[in-house]
Amino acid sequence: MSVDLEETIRKFLYLEAELLDRADLEKWIDLYTDDGTYWMPAAEGQSDPMNHISHIYDDRTMMEIRRRYLANPRTSSAEVPVRTSHIIGNFRNLEKTKKNHVEIRSNFQVSMWYRNSLRFYAGEYVHQLKEADGGLLIKHKRVNLINPEAAQRSITIYI
Amino acid sequence: MNNRIDFEEISDLVQATKLHKSLYVDESIFKTEMERIWGKAWIYVGHTSQIPNVGDYCTANITPSTPVILIRDKKACVHVLHNRCAHKGAKIVEKDRGTIRGAFRCPYHGWSYRHDGTLLRIPNESGYEDTGFIISDECNNMQPVAKMEVYRGFVFATLSTEAPDLKTWMGGAITCIDNLCDRSPEGEVEITGGVLRYEHNCNWKFILENLNDTMHPMVVHQAVVQSAMDYIGSLPEEATRERSLAEIILPFGSSYENFEDSGITGFKYGHHYDGGKTSIHANYEVFDEYREAMENAYGLNRMNEILSFNTHNTLFYPSLTIKTAIQNIRVIRPIAVDKFVVETWAFKLKGAPDAMLHRTLQYSRLINSSAGMVGPDDHEVYLRAQEGLKSPGGEWVEFHRQYGQDTEHPDRTTGGGTSDLDMRTQYKAWKEYMSGEIFQ
Amino acid sequence: MNNRIDFEEISDLVQATKLHKSLYVDESIFKTEMERIWGKAWIYVGHTSQIPNVGDYCTANITPSTPVILIRDKKACVHVLHNRCAHKGAKIVEKDRGTIRGAFRCPYHGWSYRHDGTLLRIPNESGYEDTGFIISDECNNMQPVAKMEVYRGFVFATLSTEAPDLKTWMGGAITCIDNLCDRSPEGEVEITGGVLRYEHNCNWKFILENLNDTMHPMVVHQAVVQSAMDYIGSLPEEATRERSLAEIILPFGSSYENFEDSGITGFKYGHHYDGGKTSIHANYEVFDEYREAMENAYGLNRMNEILSFNTHNTLFYPSLTIKTAIQNIRVIRPIAVDKFVVETWAFKLKGAPDAMLHRTLQYSRLINSSAGMVGPDDHEVYLRAQEGLKSPGGEWVEFHRQYGQDTEHPDRTTGGGTSDLDMRTQYKAWKEYMSGEIFQ
Amino acid sequence: MSVDLEETIRKFLYLEAELLDRADLEKWIDLYTDDGTYWMPAAEGQSDPMNHISHIYDDRTMMEIRRRYLANPRTSSAEVPVRTSHIIGNFRNLEKTKKNHVEIRSNFQVSMWYRNSLRFYAGEYVHQLKEADGGLLIKHKRVNLINPEAAQRSITIYI
Amino acid sequence: MNNRIDFEEISDLVQATKLHKSLYVDESIFKTEMERIWGKAWIYVGHTSQIPNVGDYCTANITPSTPVILIRDKKACVHVLHNRCAHKGAKIVEKDRGTIRGAFRCPYHGWSYRHDGTLLRIPNESGYEDTGFIISDECNNMQPVAKMEVYRGFVFATLSTEAPDLKTWMGGAITCIDNLCDRSPEGEVEITGGVLRYEHNCNWKFILENLNDTMHPMVVHQAVVQSAMDYIGSLPEEATRERSLAEIILPFGSSYENFEDSGITGFKYGHHYDGGKTSIHANYEVFDEYREAMENAYGLNRMNEILSFNTHNTLFYPSLTIKTAIQNIRVIRPIAVDKFVVETWAFKLKGAPDAMLHRTLQYSRLINSSAGMVGPDDHEVYLRAQEGLKSPGGEWVEFHRQYGQDTEHPDRTTGGGTSDLDMRTQYKAWKEYMSGEIFQ
Amino acid sequence: MSVDLEETIRKFLYLEAELLDRADLEKWIDLYTDDGTYWMPAAEGQSDPMNHISHIYDDRTMMEIRRRYLANPRTSSAEVPVRTSHIIGNFRNLEKTKKNHVEIRSNFQVSMWYRNSLRFYAGEYVHQLKEADGGLLIKHKRVNLINPEAAQRSITIYI
């Protein structure tokens, strides 16, 4: 795998993070393939989004609803804005998984300000990416929190 | 060292159509609730399907300071034991679940206990000779809770020796557990797919009041319903898959009329449900494969009877609420006057197609998850109330709706689906528990 | 459920020249203060310039558990309402400021209220028929505070119906609000440029004691003054811009003599200021353009009268302190016995050049910001006192300076600028509020 | 924009962070142009340092005073040292703004130990850099906290 | 404002062979302990070797709210002063250690004090004239603690004027301090190599009970001993360096018999040690160079006497525990009912080879560090007990071991090494302090 | 020093971090030279691991024991797993210290989930690396916490 590709991927994931930090979910969804999915498992090493509960497992249908929901002025949990800053690092294990598809792992820390308090989410990302038209799209994003089984407070963003 | 409230004070706090705000914000009331309600009522601990094999255990807190262990012994009996060593009080197990091979072993000095909690061995036991220590004394066992009972796999425990037996206590609400289990072609359910834990930063009673508060969805969940409808509106005609996915959200926008029709049924000890003949989830699809299995198992009439008994939330006050039609439960675990955790567990109907479990999990994820699109708005309004109720800008929470219009039956009370019968039912029990009128 | 202190205890805690340390560290004293001082005195809520248009609102806490909303209604009247739904107590608005179009709407069950807090509509209201619920009862409105009054745009509210009218309560200190406003060629000020919030991890009284504690700057702010002087010394002669920037800091190194000359003036109810004829900020530059506008507006004599009335900090005990010559205010919001927030707001003098606002903001940034070079050292010594006052190595805080040497006037008391008259003034009021001697 | 330039900038910002972490403000100021400024706004998306309050808006004059102030033994808020560790990541949107000037965005998380407790600051940096003599200088640094409007405890460092 | 417990309640809580769980979890008991035990007993502050030069100071907390300063004055006398300004109560120094050149200076208003705490100067003092303020009054000094004494460099302080002198209070346990110092060929020790601070999230008494609880190592430290043995087993024969490194861990796997043999010796006021003739550390290597220096200093017989007095942990109840054979100490600093900090300090034996200090530090690092392989498992079981003791699944902590079988001597009590004599000794003192039977 | 070397080192340190996050201490120890050491000082700027106390100063002997200890089922402090996520960034000051040896500094933030609470460790790494057989090995790793003198809760991992 070339350094160039990895650099391209980093930039792409920084862009993804920026869109999340700016709460621009419309553009963020556009980074996904039509069959793209976002998964935040609720158990360490969870193998399956269907037969085990997850915090989030959204296809584009749910992304489209969630995007509208989070922007709706009647969403009382969003009356006070959520602000975040993502740090993504420790990129590793870049590998080609099939034609035009690569997978890469990274670590993340997300600082969140919401309802007058600071919170932190940390863990590992696994991004499955597809090369298309010279650019990249997300086929699948997996968010492995370090504490997937923990009792969570309301999460009104994608991490 | 003790600032519990007097029995007399209680009656002033809960009146026919209003509650005093101190119920939600006063720490001494919370402590008293932990003793007189959570320390006496039957509290849901877990389901036997979580501990299928010898030595399997799972843990739970009956009150914030009462950790217990649910374990299956060598004879397949299940026990609910206090998670506390008889020697110097160390918690014996620390994990949520696991398997005890052989015997419990305390990590501090190695006292060991059988699966039923009885003392097995004290290391270097000779030091106790001639000291007045009686090794066979029951106080040297891991202590069992005062009473435990199992109904169709649901394990409840109480810290009160005076509690009536479980079935008596459940009363007519028991039909909801029956209905949940009967929805399995094999008549059995099992917990599967893990658990979601949702930290709520508010008083535990808010969620119980919300379960069958049918006046809130149109307002609190208006945004997500609008979003789903807006999305559906944007779909091309052929996008049937997308449309049907999005429809899972629509019941939260049911009209007041729909809710009114579903009705509320209340029981002694605070239990109640809404729905019965119908509920907001009555229109979810019944899979062909499932219908076939059910008809084979029960025959058409009984099957229809089972599937047409449609309740939304059934509360076994104060710890367990069941969605029979969805096949999930939520369990309330209080932590402080302004903190509790809600656990969401999914049930598999034995003999039913996997797709049903998938739907249950999808529902839990979208509706009950802390990262869902329904729970967080409920939580938001609880937080608002938790803050607002500290204000001197009002003393009371009102619940007049359809007051004086409920219908009394021998074993239950029924009322309109948008009435405050759910409030009346649970606060009657609250008052009886707190004033010591029910059992000690 | 209640551990308030007795009236008799109060008089022992505040003596003529010393205060008991429990005033700063005892939680029950804090709770009592919230009831008897903050729950009775006129508390600054906001300024009408913050809500110029119909439906504009901003929020504040009168006590830690008393969130209120300041809102302008359709007739341009302003109201101070408790931020609490009359139904089940949910906080209605959550943001610091915004605009309510049409009506307030509670996010829980959708009760709506007019801008003046009166109930507009209950969804599905029919459920209340024949239940004894009286929809027109005032208790179903968002409640107004006991009293509110506006003086030259400054909005104060009190939770006591017995409080004297605002002007009476302000007494002679009112001249400082007048002076601030009169410094505008148009006689009006408006809040602009946002707010800084500074979390203090100590008792709220420390900052009030510090405002006119003229014995501290030479010590606490010695380092920043030295730094500024050192920097100025390093500048080449032609660096006039740099020198004048750095000079904003120098007044904090004023000598004891300077401070003594500025004098302190105390009033009933704890209000007081230092300065008058002069203050440490008396030498800040007066811009030509401003002088011209003022002279045009007021004539030379009146202008000079206005600009020569120079106070440093004017405290409207306990919540508001004004720097007239700087045109900023700080607002105290207590949170706990060892926590409060200070808000710093800037005023624009209508008709004055922008450069004056820029200087006000620069001052706030360098002096009052949590990231400034003055505030953090004040905060540090408060923290030191908060910790030290828990120690058994002493029981009292002393304030003897110039005791017995103040001059009594009909409506005020005056004394030396380095005296403890500011302490005597505010603790006289503290004692009167706390012992119920002022008003109930 | 070349990868080389970006790498050079990264290194430069790591150096800046190191000087802050070492509390070497003398060298840190030298990284700024003579007309350089440091800005920490007090409002989300704040457009203006003059007509709206900020947490910090320092030119070199104030930097010079602050540097002396923080090192002065009589500064009681600095009697106990502040220790920090900066992480800068998610570099993005590098663009040339005018001749010899570039702008770059990044995210940061600063862990701080002070008075026996741990604190965290997070957000976005915007650096306006000037190329001079083959090296870089900071023309303007903007620190967008995720919670600029929050009540802040004493901040006795540059972030 | 005060919820201390009555003297009568105390006797019920501590019985001959069991303790009530409230001792560990009840906040009012913790507060009472801070007054009656920590506020009266001699508490270890520091060692004179930490402040070798004029003006050198270090700080400590005698109770959570009693910060003190240990300082050496110009005449080389040491003082223990409350860290509190006499003016308005600010903490004077904030750092753990440092040097005061000239005089203390309060950071708030600049009052200055000599090294012995006496007031040196008040800035702008004239403001106090004719106010009744008496500058020479001792209340204007930084206050000394009630009593302080030094024994062989160990500085203790008490907040009680009634405490017996230090040597009387130490009783026979004093031989352990002597033994530690005598292990230096020069008869002197000095603290060096810094300090480790370990935050424990549990009640302070757990660690005191654990010190000489010889029933726990076989269980709690089984894993690390197994790991070391497993590793040793994997080594090739020639790996002697690795083997000897690994062996530092093995004593924690000593058998019950070994421990029984070491014996426990208890004293008045709660002090006690295990070992004497032997201890689990008796087999650590004695370096040749050291043996030589010792023999030169003391002669063979005295040397052998010194080195053969082998105690494991010696507790000076409640604040100081010494490992004479290891040359480190741990100091207990309570913070809350469920929080305390343990400090680990190393001593250098003057005149002994550096290798001994290296071993001391290695021991502290591997055994006592929060990142070690022994301390964290002890801490884990304390946490388990802290949680388990809140449970209603038991009321008592038992300590029957060898009850009734101790031997009473005039100045001490001796018993088996696996007996609960350590518990009996310390809880006798606990009860006496708490009930006011010892001294007031 | 070439960009390639630095990139290689980054990847190597990401691998090290991954092995710590996965609690695979067996493989982690293999990253060290035979005389490799791991040091977490207990004082700011501590010059010496022998004459001053440290939180950890492990040679391979102690690493081997600690690895076994942390994996032992009887280790009660490890009954509940520790989960971590490392972020390493701000790589800087790469320099050749002697033949085949280089040193590099970086900053780290470690988020830890343990016993139902989130904790954070932050500071600076100094890695002394040895080139061997075309790969890298760790000769010495120094972990400079921002709060080395602070009272610490139990630390049952390598950071």
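Each chain gets a letter, A, B, C, D, E and F, in the order it is written, and its residues are counted from 1.
One rule holds in what follows: a residue touches a chain if its C-beta (ideal position, glycine included) is under 8 Å from a C-beta of that chain, and two chains touch if they have at least 3 such contacts.
Predicted model only: the values in this text are computed from it and were never measured.
> Could you name all chains that are in contact with subunit A and with subunit B at the same time?
Chains touching both subunit A and subunit B: C, F.
> Taking a step as a move to a touching chain, how many steps at least join subunit D to subunit E?
Shortest path length, in steps: 1.
> When I count C-beta pairs in contact, which pair ends up with more: C-D or A-F?
Of C-D and A-F, it is C-D that has more C-beta pairs in contact.
> Matching A-B on over half of contact pairs, by residue number: which of A-C, D-E or C-D?
More than half of the contact pairs of A-B reappear in C-D.
> Taking all residue numbers used at the subunit B/subunit C interface, answer same if over half belong to both copies and different if under half do.
different
> Return the distance between the CA-based centres of subunit B and subunit D, expressed in whole Å.
Going by mean C-alpha positions, subunit B sits 51 Å from subunit D.
> Between subunit B and subunit F, what is the separation of their C-alpha centroids in Å?
45
> What's the distance between the Cα centroids of subunit C and subunit E, rounded to whole Å?
48
> Please set out, as single numbers or ranges, the residues of subunit F touching at least two other chains.
Within subunit F, the residues that touch at least two other chains are 76, 79, 87, 89, 109, 120, 150.
> So which bits of subunit E are touching at least two other chains?
In subunit E, residues 94, 107, 220, 380-381, 384 touch at least two other chains, as defined above.
> What chain-chain pairs meet the touch criterion?
Applying the touch rule to all chain pairs gives A-B, A-C, A-D, A-F, B-C, B-E, B-F, C-D, C-E, D-E, D-F, E-F.
> Mind listing the subunit B positions that touch subunit C in their complex?
The contact residues of subunit B facing subunit C are 3, 5, 17, 21-22, 24, 26, 28, 213, 215-216, 218-220, 256, 377, 380-381, 384-385, 387-394, 397-398, 400-405, 416, 418-420.
> Write out the stretch or stretches of subunit C touching subunit A in their complex.
Contacts found on subunit C: 93-95, 107.
> Help me check something: in the complex, which residues belonging to subunit A touch subunit D?
Going by the criterion above, the answer is residues 7, 11, 14-15, 17-18, 21, 83-89, 109, 111-113, 116, 118, 120.
> Which residues of subunit B touch subunit A in the complex?
Residues 96, 192-199, 201, 220, 222-224, 226-228, 230-231, 234, 241-242, 245-246, 249, 341, 344, 346, 354, 357-358, 361, 364-366, 369-371, 373, 375-377, 379-381, 383-384.
> Considering only the defined contacts, which subunit A positions touch subunit F in the complex?
Touch list, subunit A to subunit F: 3, 44, 87, 89-92, 105, 107-109, 120, 122-124, 146-147, 150.
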